[in-house]
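The following pair of complexes shares a single chain, subunit A, combined with subunit B in the former and subunit C in the latter.
Up next, the complex of A and B:
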């Protein structure tokens, strides 16, 4: 960790920073710093937010350098009365969503922002006259065009959100996605609860399909803020749990992709295989989604020989049976016709919007936190990210099957290392003390991409600010771009190919 | 073609033939049992550790409508509180979700509270509209799984439909966010009568970990009769399907 006048450098999964060490600059330099950093291809914005205070407004920006495992933190302070500041999004489009969020929460107007609209209609928004029913949709006045509105309640058993298409016949010109229906006040609850176990339960519920990913990010954050160390054995177990989650969801997503193009064999076989995987997680911890498995400092469900064997067996079943069905799926002409060159996101677009996770890796961008900012046992075990170039549904489908193979290898390797490692079987720790006046963040590569939790403590070591960023926060824009110039009938399968989180975005 | 046949052979028979008695992982956190000998002090410590106030600090009972099944009270008091893997925990009676010390009885539906028209009309086929109102997507995925090749609730004519106009009832997940409250009301109003309401998952029943959040609006629940409560975090497909079978009077 080193200090620099312009920014403070922190590493993922390491200790915390003193609040004092984070450089404070005026907004003009702050904005220039964001723009110049994001001009570099190897850097992207992982979190950028406002911290409310009685006397002033503080903006904090965290930019990850994927080439040297470092994360730059810098901030800006300004008087409460400032209402207009110049947007950085016009030059660095990837911060567009962060500026929108800051605008919604504080009322500050970013001049020159191309799309300064509400993000989630959070309960604590600055302007209560804006409501979820009054979203300012973009529209084009034309006799040739029509609009299609879908949601918030969708046809399937999924979460709510509204999609507004502007179409010319069957062709989509523009899609605008309105979210916020799932807003539960997660970040406010992190502050009002101030109880270690409540935070764990809350982090597991940020996005229940990523319970392991989010609860791991939370535990990592707490461990760095309290200076807790966990054993190598536990780190390995956590990585195995994370990879099991990835395997289960990727297989489930493959089932959904097949279902949408009426390839029933692929759908039912993958559904059944996903069941095998999540039932293995249930065998381990009693919950199919891994709720209860990840806790700060230790585990209530230490891995044992019997469960390790069950995980090993599951890996074998998945490898064989998912392998043969994936071969079949990606060689069936009627399936390929619906996936190939449909819903393309270009590498240029992906860079511009700062997309993360599989959505970036299918556009030729190597962005995998397991490799670039390793955490837990991935600091010792090098992951080779799968990178595909075509940016279409086919790439997003294929990436899943390649990542399933990759995760199976990781699980097997880690099980072997685990069986030879020293195990402490630490119990969870709930009575920890957080360092006062500190800042820390934690990054985890969940199955959707990078999850970022960051927090600040006050002078008494209480959490004074907690920020959650689900990968979906970046990636919803990728879906909107993917469907441009596609047929509207391709939207459902496009949507499934991203499978983004509504609740993770809405918080 | 041969490849597909080979896959089908490996796929084999997936469906669970007896959903009533399907075995489940011993660690599955289902109906708790609280020892009769639990002391007042132990009750206080269990209530203090509970993240959602599901443990009553005077009686020591556990309310499964509030419980997030984290099992921390059982880790704290081994031998005094135990979570069995009994997944038959749905009921139409909110009070029967409250498990008292010494209570070993299975959770049952209150037959007297079941509306006769529900059984008369829906026993052969029940079409449901699902509304996620702040659900974290784990409950939604479990409800979707209830219709998959393993659990196959479709065998009883129970399925999720796209339109509320085609539905006989609504299944609500999530603590009901303020931003979703109006859409929920509109969806419910679009369902023809008679109609049922099922709350799936602890978040829907009590708000769960989100209870008390200012971003919620749970007034819908005060206005309408709830036909079935399905506890769980998330509600397990077996809990959900067995609950509906009990509600409809389907024996097997």
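Up next, the complex of A and C:
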């Protein structure tokens, strides 16, 4: 960890810092600093939020530097009465969603922001008169164009969200995505609950398909704030669980992609295979989605020889069967015709909107937290991220099959290292004490991209602010860009190729 | 009358056979062959729900669509047995009575005032318009070398001549009829009857608002349509005037092979991108043109 005058640098993913050590600037220089930092290609904004307080308003912006494993923390304080500040989004578009969130929560107006609309209609929003039914949609008054609204209730078994298309016939000119229907007040619950086990369960439910990812981020955060160290054996187990989740979801997504283009063979084979993987997770911890598996300080379900063997066998089955079906899917002309060069996000766009995870890696951006800011056992085990260039649906599909292969290799290697290392016998710790007046942040590369949990404690060691950022928060914008000038009938398969979380965004 | 009974029997099993084939191809047990019929029985016991924005057109359109298909069945012959109704130019009647049924299902969809259904109606109209030439060129070719313009006369006289060009033409005609049936019945690769995604639907989105009794009528109409096109296939392939039992056996085998083809296509390929559909459909018309010119040359009618 080192310090300079402008910002605080966290050198190591998931380490805590004294709040006093984080330098505070005024907003003008704060804005300049984050804009100039985000101009660099290897940096992106991982979280940017306001911390409410009695007498002042504090903004914190965390920017990850992918080249040297560091995270830069910028901070600014300003008087409570401030209502108008200049937007940074006009120059660094990737902070647009964060500024919208700050605007919604505090009522501050960012002048020059191109799209200052509500994000999720949170329970604690500043202006209670704004409701989800009164969302200010963008509209074009034209005789030729027409609007198509989809949702919030959809035909399939998916979460609620409203999509408003402006189309010319079959061609989409503009898509506006309105979310917020899933808002449960997760961040407020973290503050009102002050109970270690409840926090764990809460973190598992932030996004049901990323239970392991979010609970791992939460546990890392708690461990760094309370100074707990976990054994190597436990770190390996956590990495294996995370990779199992990645394999299962990627296979399930491949099935859904095939289903959307009516390719039955790919759909049914992948669906059956996903079940094999999640059943292995169930054998391990009793829950198919890994709920209850990750706890701070230890584990209720330590890996044993029998489960390790089952995971090893599953890896073999998946490698063989998924390899076969992936070859089949990506060599069927009728499927390729639906995926190739459709829903393209360019590298330039991806940089501008700060997209993360697989959707960045398909646009030629190397952005993988496992590599750039390693956590848990990935500090010792180097992961080679899969990078594709074309940014279309085919790339997002192919990336999934390549990452499944990659994760299987990781699982096998880690199982081997695990069998030679000392077994962990740590039990979960719930009666820890958090360091007072501290700040910490934890990054995890979930299957959807980087998950960021950050928290602050007050002088009594109680959590005074908790912030969750799901990768979907960045990536919804990528979907809106991907469907521009595409056919409206290709929207569902575009949407599926990103498979973003509604509840992870809405919190 | 025989042909109507045969078509109804076929329609009872046709959708179930497609379902069975798709489930076998995907390694699942799948529902029984009569499952679609059981579902229809359930729908018949239910009432219909009508939206506030829909009017009388929406209520009458399912019944009109079904009766149009039933009328179309009347002009189909079965081997030497003449159709229930037969007159010069009845194939034009056949095509346009089906079009009338489709017209009513389209304006019924527009009547709901839903943006999805408007979009589906728009697509359905466009694709139906493109498939029409294929059907007429096909029938014109039949009319040209048999010298008749009614189904009964065309198919009675079709296989009497034993020229080798008949074989070539039959093969092309089978291909064209199967493709027309795929487009008319909104199956893969043109449409996906299984999808839940409103934005990608063509036919399915038009019937989203229909429920209960009306929905059952629509399903029956589409099952009958399959059997109707299967009957056309049978008439093209099997010569008229052979043993009746053999004829019936061949009729059902051809219908089965037809269902098998559709089931297998749906199991092993993806559907078209929406803007590829017009090309796909125009290709069918192009094949029909080629067949037409081929017959012109072979029968020396050009000179």
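Simple rule for what comes next: the second predicted complex is superposed on the first by the 503 of 507 C-alpha atoms of A that agree within 3 Å, B and C clash if a C-alpha of one lies under 4 Å from a C-alpha of the other, contacts with A are read in each partner's own complex, and residues count from 1 in each chain.
In this text, a contact is a pair of C-beta atoms (placed from the backbone, for glycine too) under 8 Å apart; a residue touches a chain by one contact, two chains touch by 3 or more.
Everything numeric here is computed off the predicted structure, so don't read it as measured data.
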- Query: Will subunit C clash with subunit B on subunit A after the two structures are superposed, or do they fit?
  - Reply: fit
- Query: Is A:323 in contact with subunit B, with subunit C, with both, or with neither (first, second, both, neither)?
  - Reply: neither
- Touched partner set for A:209, first subunit B, second subunit C, both or neither: first
- Would you mind checking which one, subunit B or subunit C, touches more residues on subunit A? B
- Message: Output check: A:264 vs subunit B and subunit C. Expected answer is one of first, second, both, neither. What do you get?
- Response: second
- Item | subunit B versus subunit C as contact partner of A:461, first or second or both or neither | neither
- Is A:334 touching the first partner subunit B, the second partner subunit C, both, or neither of them? second
- To the nearest 10 degrees, what angle do the lines from the C-alpha centre of subunit A to those of subunit B and subunit C enclose? 60
- Is A:155 contacted by the first partner subunit B, the second partner subunit C, both or neither? both
- Message: Once chain A of both complexes is superposed, is A:489 in touch with subunit B (first), subunit C (second), both, or neither?
- Response: second
- Message: Looking at subunit B versus subunit C in the superposed three-chain picture, what is their shortest Cα distance in Å?
- Response: 6
- Just which bits of subunit A does subunit B share with subunit C as contact spots? 155-156, 265, 268-269, 272
- Considering the complex alone, what residue numbers of subunit A touch subunit C? 146-150, 155-156, 170, 258, 260-265, 267-269, 272, 332, 334-335, 337-338, 342, 487-493
- Message: Could you list, by residue number, the parts of subunit A that touch subunit B in their complex?
- Response: 120-123, 132-133, 152-153, 155-160, 180-185, 188-189, 195, 197-198, 200-202, 205-209, 211, 252, 265, 268-269, 271-272, 275, 279, 282-289, 291-292, 300-301, 320-321, 324-325, 327-328, 501-503, 506
- Task: Within their complex, state which residues of subunit C touch subunit A.
- Result: 22, 25-28, 115-116, 119, 188-189, 192, 194-200, 266-276
- Across the complex, what residues on subunit B touch subunit A? 3-4, 6-8, 10-11, 14, 24-25, 27-29, 49, 51-52, 68-72, 75, 83, 85, 129-145, 148-150, 160, 162-164, 174-175, 177-180, 182-183, 187, 203, 208-210, 213-216, 233-234, 236
